[in-house]
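Chains here go by letter, A, B, C and D, matching the order in which they are written, and residues are numbered from 1 within each.
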Amino acid sequence: MTKRVVLAYSGGLDTSVAVRWMREEWDVEVVACAVDVGQLVPGEEDAIRERAVAAGAVEVEVIDAREEYARDFLMPALAANALYEGRYPLVSALSRPVIVEHLVASARRHGATAVGHGCTGKGNDQVRFEVSSRILAPDLEVMAPTRVWGLTRADCIDLAARWDIPISASKEKVYSIDENMWGRAIECGVLENPWSAPPAEPFTLTRDPADAPSESRSIVIGFEAGVPVSLDGEALGLVELIGRVGELVGSYGWGRIDMVENRRVGIKSREVYECPASLALILAHRDLEGITLERDLAREKQRVEIRVAELIYDGLWHSPLMGALGAFVRETQTHVTGEVRLGLAPGRCEATGRRAPRSLYDHDLATYEAEDSFRHADSEGFVRLWGLSAETWSRRQGPGRS
Amino acid sequence: MTKRVVLAYSGGLDTSVAVRWMREEWDVEVVACAVDVGQLVPGEEDAIRERAVAAGAVEVEVIDAREEYARDFLMPALAANALYEGRYPLVSALSRPVIVEHLVASARRHGATAVGHGCTGKGNDQVRFEVSSRILAPDLEVMAPTRVWGLTRADCIDLAARWDIPISASKEKVYSIDENMWGRAIECGVLENPWSAPPAEPFTLTRDPADAPSESRSIVIGFEAGVPVSLDGEALGLVELIGRVGELVGSYGWGRIDMVENRRVGIKSREVYECPASLALILAHRDLEGITLERDLAREKQRVEIRVAELIYDGLWHSPLMGALGAFVRETQTHVTGEVRLGLAPGRCEATGRRAPRSLYDHDLATYEAEDSFRHADSEGFVRLWGLSAETWSRRQGPGRS
Amino acid sequence: MTKRVVLAYSGGLDTSVAVRWMREEWDVEVVACAVDVGQLVPGEEDAIRERAVAAGAVEVEVIDAREEYARDFLMPALAANALYEGRYPLVSALSRPVIVEHLVASARRHGATAVGHGCTGKGNDQVRFEVSSRILAPDLEVMAPTRVWGLTRADCIDLAARWDIPISASKEKVYSIDENMWGRAIECGVLENPWSAPPAEPFTLTRDPADAPSESRSIVIGFEAGVPVSLDGEALGLVELIGRVGELVGSYGWGRIDMVENRRVGIKSREVYECPASLALILAHRDLEGITLERDLAREKQRVEIRVAELIYDGLWHSPLMGALGAFVRETQTHVTGEVRLGLAPGRCEATGRRAPRSLYDHDLATYEAEDSFRHADSEGFVRLWGLSAETWSRRQGPGRS
Amino acid sequence: MTKRVVLAYSGGLDTSVAVRWMREEWDVEVVACAVDVGQLVPGEEDAIRERAVAAGAVEVEVIDAREEYARDFLMPALAANALYEGRYPLVSALSRPVIVEHLVASARRHGATAVGHGCTGKGNDQVRFEVSSRILAPDLEVMAPTRVWGLTRADCIDLAARWDIPISASKEKVYSIDENMWGRAIECGVLENPWSAPPAEPFTLTRDPADAPSESRSIVIGFEAGVPVSLDGEALGLVELIGRVGELVGSYGWGRIDMVENRRVGIKSREVYECPASLALILAHRDLEGITLERDLAREKQRVEIRVAELIYDGLWHSPLMGALGAFVRETQTHVTGEVRLGLAPGRCEATGRRAPRSLYDHDLATYEAEDSFRHADSEGFVRLWGLSAETWSRRQGPGRS
């Protein structure tokens, strides 16, 4: 029986050519599996199906994974305020594990013994695909045709033409783009020079601030146990809420990132992102935590957040360490319930107010007004013992030694 | 002989009254010591001297500590990208240790056996003052008149009048403000309600973005070993450079912070800051590190940065732990030399380019173009072993177990 | 109505005198509450009751909290291999929170508005008592008579005699001792000189190794999900198991600790402990984790363990951070099921074998024999990319730069 | 010109065969380079030279690197109390970087373009060799004949015989052993079953405790700035001191480790070590730090120690992160000067006393005797503010909420 592989199918040039190439070169049956994590536009599904069939797929699946992606992947990341290197909300990194979950399920449905992907050999996504696959289904082989085929973009276009795969692609591809509900990643072209400022053209989710509404406005995001549940008082499902926040914030031209980041494989790459929804939600979530997390918990959580972001970036979403860190993070979210007001203006998005039914901000303790409930006399003893260890050090080893 | 105390003197109502109050109540001679860390405006020095004398100070000192503050305090903090809770550049927290150094030196000069401060019992600054003092001079007593005197603002104004201390102060003080070269902290009044958006009035370093120049512009900051040394190619001393960056960035209305933070004494307080210079320099410095720090070093440094910020906030600048963390941070800065371009527009300040003579960004490794030098074949083995530990876990304990 | 306080009652001199002293000096009714966490010997309960009554307690409670202590306090600590400063199994630190839980419950039963303890002002236990009490019952006052009464030991003995409190105590108390199921802490006397070797006399749980059985032997401890459940194949309840392990290991003279530790209040103190049961169980548990925890999880858990031990030591058992770290730790224990063999010999206790039904040790991967399943070819690529980031650093900034 | 490679030469079967094999199969000239890090016995040098020549080496070098190894590698590790997974003193891991330094220097001397090693594809040592080599000399190729040749032990013995390489090796090699001044690592054979207790036979550095001197004794180790400098008052060079401590401690049968550890390549392996010198020195050093390191510094250092051990284990000794962590650690050692007494008895080695000229242990603060200098009244305020954050949490979100 011919071996069967489920390929993560984007509908683009590379994976379309890969469908046929794998059949030709490796004599395998290819199931094309497109997982929608928010990147598909309405109507795109049919075109994808047709193209996969034309490329020779024995089966095509288009799976709407948006709700699941938002609930089971984006929300844990939001709870951890996950930003790789303090900046990148892990747009691509978060989508790979959910895609692999569907590839594996599809492989089981179709009796496949392998899964495949179109990642190159120097990026992070191969790591995420393969590690997730080996964890979820150690028995499945992982095939990576594009990593070994040695084809240039021009070669691919020629093959597509020869094989009658209906796809329009220019030989000069300017940018490499990956997109989903959490944002959009832009690489290559002029961006490969980290001194060059990013041009205006590749951005689609964020308007140029110069074209933003001149009127500033506020929005209020409501959270329950760390999860955003409402916008300006209107209860919304996650997919809808993320979408609307992204549109609003993006319309004010906020949410772009320009950075050089460290890939897992050991190289630095210049990346440009636009992530209005994810950055705004993390900003609001973190701000709400400011009044709902106890100090020591908040301090330790900062360290955990860094580790969570590294793990997601490094392809270890499905690892047991992620499970344990997730347990920590979940435990912190119980009372992250309340509202945050975001002020929007051209090129800006800022938290301007926050409130919570179980806020730990205590006006009577904090106020400098006369009627405060803080026992000032406690401070003297506190400060002396807080510094006693360092004071003793000073007397024996430091500046105060005799 | 009458006991002598060196009081940290701001020239404001509280410390002016404290000079006389301490003489009256505690029978001590007060040396008023004003340390300029950038908060004084030209000409203010004379007014300060006169006021202190009028209040009964036996000696008055006004010390220009700006260069020293920038070099020995702000630069180590910048090297650590020190932001408390990820946001606050430690404006007040950084100034206290340098002030205490001068108080102690002054105490030695004037034969004083105590230092004094005007901090309240619920803030962080008392911790910073007293811990630094106990470390630098464990033999000196620390006096905190305002923590125990039980006077309201109105009482202080009455006393100032009775004692002929020339000071204009309204009984309704709206905000409590602390300022120096690194930024400006604003507390109290309407801000004590964390749901209220900050009003426009208290900001002086940052223009309302609506009033910013409509023309956007770029500035280029040059660094040597982590220290900013030039602006748009012009070599500048630190005080000058920080001042100019602050003016430029502030003129575009960028650099405000609105947060609820965790004080060391255990309470949350709502704080508003405007820090155009420090935030812009940290942004640029961190961006330059993106191309000059090796990955594992950069990852660990993130954790160290958090700890450094906590220590500074908690009053432990002069502690031995700070010394050891400082050694780590210094070691990382050797090659943080290069330039960062910041794009300024109304309400915005963003890094749009970075370059370094010893950049670790390697175009030939990173490029997706055909001629790259990355050995793609290495990836297969790498990814397999990178995930092997988690794969084994899966087979025995996880989703892949049999 | 007279105010009522529930005092943590040990039956010793200090708390016995405190019962009467508080009545005399503070005019309060004292409920004496003795919580057995393994320190009581059979029959001691009656003597405790009589003494408390003689001292004037309005109520006496002796509560057997051993099962609860073992299950809800010692087991989470064991799961975290909690050793303060890498050595001390937190004997006293773990018992305070459970004692406070009972004090608070007792206060509710008896309509008390305060709880009390007999800790001094420079130790850790006051921190643990008071912080736990303020967390569990912020409305209850905390009274600490011994911290303020200014009585010497001789004074206490005189008062006990005058008040007819039946207690035998010598004016020369050599050591201060605290004991429970998890071990025994010994302070004071000759031990206050950290250069003096601990004398033989104060040890009761651990025999002098010279007097240990000359025959060495092995014991096997079985764990389920991180909890010890059997000894040499015999299923045992926790109290019984901890007791038996302690006797066996202690009979071989193993389990003593001699250290100078850092107290929370900022001073260093020399402490001697004997903890045969807890140290042996932690040793076995950690060893079992060696074959049942995945690598990255194990590495991160080391850091969490340090933080957990600090929190327990610092009196923060009931804090929200402890809750979140506990969630992390619990998540790691699911498969810590198996057996560890401990070899016992005079002065020694060592793990000599470990096995687990879901062990991650994979002989076929690990063996150096010919038939291994490891793909050696993967290593070349792995090693190259593992070192690529540092290699690039070397070429640009390090020893290999040109 | 024929390509030249410098091979790390142990004098054992594998590397001896490799010398000739590389010449035959790869047509390279092999320089055999044996680096003595304490594994050579007097007189062994000549045998090594002869064997290498017989195997066909074009040059043989035997380099005494013991002083350098002790000073530049072992001492930084000791300063960091480096124990991988809390137990293993990194015996092999520490030696590889110094060996590579000499291989590279030799390659420069002999005009070689490659270095070589005899490590297998599943161990850690290949990682250490290759990563160090790529960092120190990115231009040199790394050759790993044993990873690819596919020869069994029997094959090697046959080849050695055919090629007249004078070496006595039994076809049944029971254990794989690596040894240097810091200890001895034992793998394979019966040890591959982690449930089997280690047999007595492979140990050479540690006596069976049953055969230890019955008389117990003490030794005193003196340190200066973290470095051991004397034994029982006698100043000794490092190599001598480490050797003598190892003999003394080993003669009492202490210093064995039996563990399952996590290799970098993702597999767990059962390892048995005997490390009397390193473990005793780390024990003494850590104990001295107990009285010479300030509390917060000591707490943070624990975390740094874990990271240092991981880096060394993972082959990253020469990485920039190691440099920065080393700067932290060095900074901590300034006052780690003093003496530690170790009590030796059969199977035991324990710190029983410690003293330091700049000890931070302050008897007057610590004592429970009447004349102490601690201000007990400070405690009340300290404890209240120490717990205030958690108390506020309790009132709003925790057990005390209303």
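The criterion applied here is as follows: a contact is a pair of C-beta atoms (placed from the backbone, for glycine too) under 8 Å apart; a residue touches a chain by one contact, two chains touch by 3 or more.
Owing to the predicted nature of the structure, the values given are computational and were not obtained by experimental measurement.
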A-C compared against A-B, more contacting pairs: A-B
Chain copies touching (chain B, chain C) - same or different residues, decided at half shared: same
Distance from chain B to chain A - Cα centre to Cα centre, in angstrom: 31
Distance from chain C to chain A - Cα centre to Cα centre, in angstrom: 42
Per-residue multi-chain contacts in chain A, two or more chains: 262, 265-268, 294-296, 316, 319-320, 359-360, 362, 365, 377-380, 382, 384-393, 397
Interface residues, chain B side, partner chain C - complex: 292, 294-296, 334-335, 358-360, 362, 365, 375, 377-382, 384-386, 388-390, 392-393, 396-397, 401
Sites on chain C touched by chain D in the complex: 85-86, 120-122, 126-127, 130-131, 134-139, 144, 147-148, 152, 176, 187-188, 192-198, 209-210, 218, 256, 258-262, 264-270, 286-287, 290-291, 295, 298-299, 302-303, 306, 310, 314-316, 318-320, 341, 343, 345-348, 350-355, 359-363, 365-370, 372, 374, 376-380, 382-384, 386-387, 390-391, 393-395, 397-400
Chain D residues touching chain B - in the complex, by the definition given at the top: 262, 265-268, 293-294, 296-297, 300-301, 307, 311, 316, 319-321, 323-332, 385-389, 391-392
